[in-house]
């Protein structure tokens, strides 16, 4: 080590990726029950982190399935790169802002400096959450946004906006945490912030060409429903890691948390299916899939502090809410290609409130609910407000949107010089429009 | 709490989802090795439950891949909703019937009432098994069955038929268990019951239009073989949770169980491939994929009580059996769209018998085998008999089958008002028929 | 047992699959912290094994997505069967050669004979690694190789070549291990050996028809980019099991190992994207996906013995290297359909060297690096040399390549009598060529 400590190369990278050394320790300590429990906590949290990582695949499949052939490769790139770039950015500064010591904002552990033992696993778990928040926007602004601008927006979210709000809610000394704000696994921190940021994106970038004809929303059907369904299954699988993993301990509490998660997701799917049947006279597939996600998002804040019957109620309302919300945003002229704002922003806020309404032994307590409202408003300001600012800057500098002919041709060819399915014959635009009944 | 205990709303939902409160306990107990082992058992069982959940994605991809474009969205809905509805129904009554105290049938823990500690994780694991049993029929009756009727049949299976048989085999006081019937992870309880129920479904709903021409079966090729293969990989992955998770303890026994599972699945695939080559002079892809599943289904009952060489034999026979069985059902005019009856019903029964034939240190003992035969017969009566009754009632009331023009148009449009791949140009029917060599 | 010990049937299979009996032990031992830790180690290693198994699905999706419609079913069969056959072969002889006692080659535990306790889980984990090494070639020789010859080559790799090199590096008494050669999770053992074997395959079987026109490489675009992306996500997910699981203990070291893995994979993706933009003026999707894999392959050897900043550097270089390498092999006329030689062979070698360059507290030590060079050369000789020999023999006996008209028609129809997507209308060859801009 001495030899290289002075070398320029080393100094350069020391500035980049800190000092934390890895070495297979010989576990010198005496094995006590405490030590083994700690090891179990590490192991479970790492597995849960891997499961949350896998949700990236779910988000990717969902967005690809729910959008058009000509932009499928671009959706791949957005979902792959917001993780890769986000991981690097979060490890460089995001984690420090979020969990470093400090009042309004953390300011230690930049570039993972000073991490020891448990910190590494905890960092990994948290990085996966940051990546989840970052990827939510991808679906909302799909099919017309410049890839480079998307990446920058995603970096800003992961580097500053998400960590700042997260610091207030989850870090020791966070002011919302001090007030008693409850958000166990991130209905507000991850989903609302990500969803409201996505709303800012959808508004700033504007609707896709052809989405609104004479102020009326037309359906632009997704090109691969089985792929979207696979995405939902993967997300549901990952959610066991997301919610039960947020205990960060391998203890019995993970059981009821996972049951609540599962009940709420199932209830959301059933509610959305029935409600969509009530509205469209058909059991709508897209709405049902989004209903499941809505139930899962909604239970995330309160999964550890409410009884199972409440999880059922939370899921049902989540499922109805997401269908209504999708129709609402269509009505007001916001084009959210996959319903991400409704699933994460709206239902995430519902989940945050629900965590107060059904809070353990202080259920229906207005004081508790009031703090949840406060936290939800702050999440909206951070996500939507922060989103508007950064996206406005991007619009005035790099530009947010691809050119008209690029959008019509598809982003795959325009941005990446290739197509996603070069061998399948596409239908004519006319026959696609004719194939949509509604 | 006092405040709301008397409220009408609370009472309403108390009737629905019980009393079990979730609260992050402070683990007040002293950490002993026993406590940590228990925590490890919880954690492993929860992870295994998530893996078994993920099998739902596998079943969905398998069915979608093995059926036609025009019904892919309907397959999504069946596979998504049998889980969502099944989860709710099983938590409401199924679990109580299956693991509640009682002789012939359980009668406690309705609506998860009274669950504590370990019960939650155990419930979750069991709910995933119930969902597996429920989804088996989906593939067999694909492409022509009314969605609403399917859902009702699926509910009845999850609520009554599966829990009743499961109670006899797995619950304390179950009469088959008392006789010494062995079914470690559910070749009989999950797969045979689900498979024979599916057989009743395939018979009652009748073959798809065009499946049998002049009493001869024609091949209706699946539309997406890579997707079906993905399904098989996901199922294989989940099976490690299914079989090794059934120990519900994080102990060394999970190792050899997982090895047996893996050996049997591999042997099943190899045997089916070779046997299909022997019959068709081509290495058939669909048969090979089903052969892997057959090996996995077959080892499920005996994975914890037979040596590895026996697992190999069980898999080989499973692979040959599933090919023969698919041809047999084609011959007798039963249209099982994905081979679910063969994979789960027939091979599940073989696995149940095999668990007796190769039972640990009482191998080839006629007494042991006799009890396995008895249990298999009861599984057939419950699955097939129960299926015939409920499906007969459905046929006479709601109707089982969509109208002819709906079936020809495809269930996606008829039931859900959309298509799964609106942008890909479908081939003409003629060119599809011409593309099938066999 | 006595009854059957003498039976012929039993003797036959005893010769095949050994004696290791499975029985649910009653864990008679007193539960100490040591015992619970051991149980945790078993459980974590088994979960990691399942995750590494799932990488098979990732490799399959990657190859299918990166190749053409007409060979998708054949890609399914190769990926499914190299696992099934490989699993049986590795359990029969491979594991014995690799981890049996012995100097140059192991020679105990044939047919899993003599395995007890921990051995079962360890075997399972190792079998998944063997299957990974075996499947690498599948992508390189895709779209023109005889299925039966591929299977035989895959068997030889799993039975002899991989175990032999693995014995030297990982088994007690292995000579490379004794020299201090470091390959924590298999950049050399799994990826280099598999990748160089694949290079031998790509050379011996020759390029696909149409790949090289007038000595210039033409792009043969993959038919399903979202499926390839799903493959990358699945592989990334599995890599947490691959690298952190290689500790085979549930202890705190798994945290920083997983972080290194994640940082390197992300850095590889970012580097490949930027470098591909620099070269092609487009952010190439295929290169970016391969860049992620390159980062993961490269960190595999040194993930447990280097600081995070080094993991970042290793990933960056891996990402640049894989793009350069793909272009290099195109230039010299080697047709590697998915870039497997570059991803696994070249980047695996880089990772092996990097594990020396950045080795813990002996960083930039020429003695350490020298041994890594030696190990890498030996890996090349074993993989490439062994590959040339076996593939030469196969070429002269069974033949390596399908007939010209079979290749043009597609292997699905030629080898398996079916097509992967019978209902989607394919584009004409001309319109495919016109759709490729570069």
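As written, the chain order gives the labels A, B and C, with residue 1 at the start of each chain.
Simple rule for what comes next: a contact is a pair of C-beta atoms (placed from the backbone, for glycine too) under 8 Å apart; a residue touches a chain by one contact, two chains touch by 3 or more.
Computed from a predicted model, the values in this text were never measured in an experiment.
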item	value
Rotational angle, Cα trace of chain A fitted to chain C, multiple of 5°	120
Interface sides of chain B and chain C: same vs different residues, half threshold	different
Chain B-chain C separation of Cα centroids, rounded to whole Å	32
Shared-contact residues (touching 2 or more other chains) in chain A	33, 36, 40, 43, 47, 224, 230, 421, 424-425
Interfacial residue positions of chain C with respect to chain A in the complex	33-34, 36-37, 40, 43-44, 47, 51, 68-69, 221-226, 229-230, 232-234, 236-237, 240-241, 244, 247, 250-260, 262-263, 265-267, 269-270, 273, 280, 282-286, 288-289, 292, 303-313, 360-361, 363-364, 421, 424-427, 432, 435-438
Chain A to chain C touching residues, read off their complex	1, 3-4, 7, 13-14, 16-25, 27, 31-33, 35-36, 38-40, 42-43, 46-47, 49-50, 53-54, 56-57, 60-61, 64, 72-73, 75-77, 79-81, 83-85, 87-88, 91, 111-112, 115, 117-124, 127, 147, 224, 227, 230, 413, 415-425
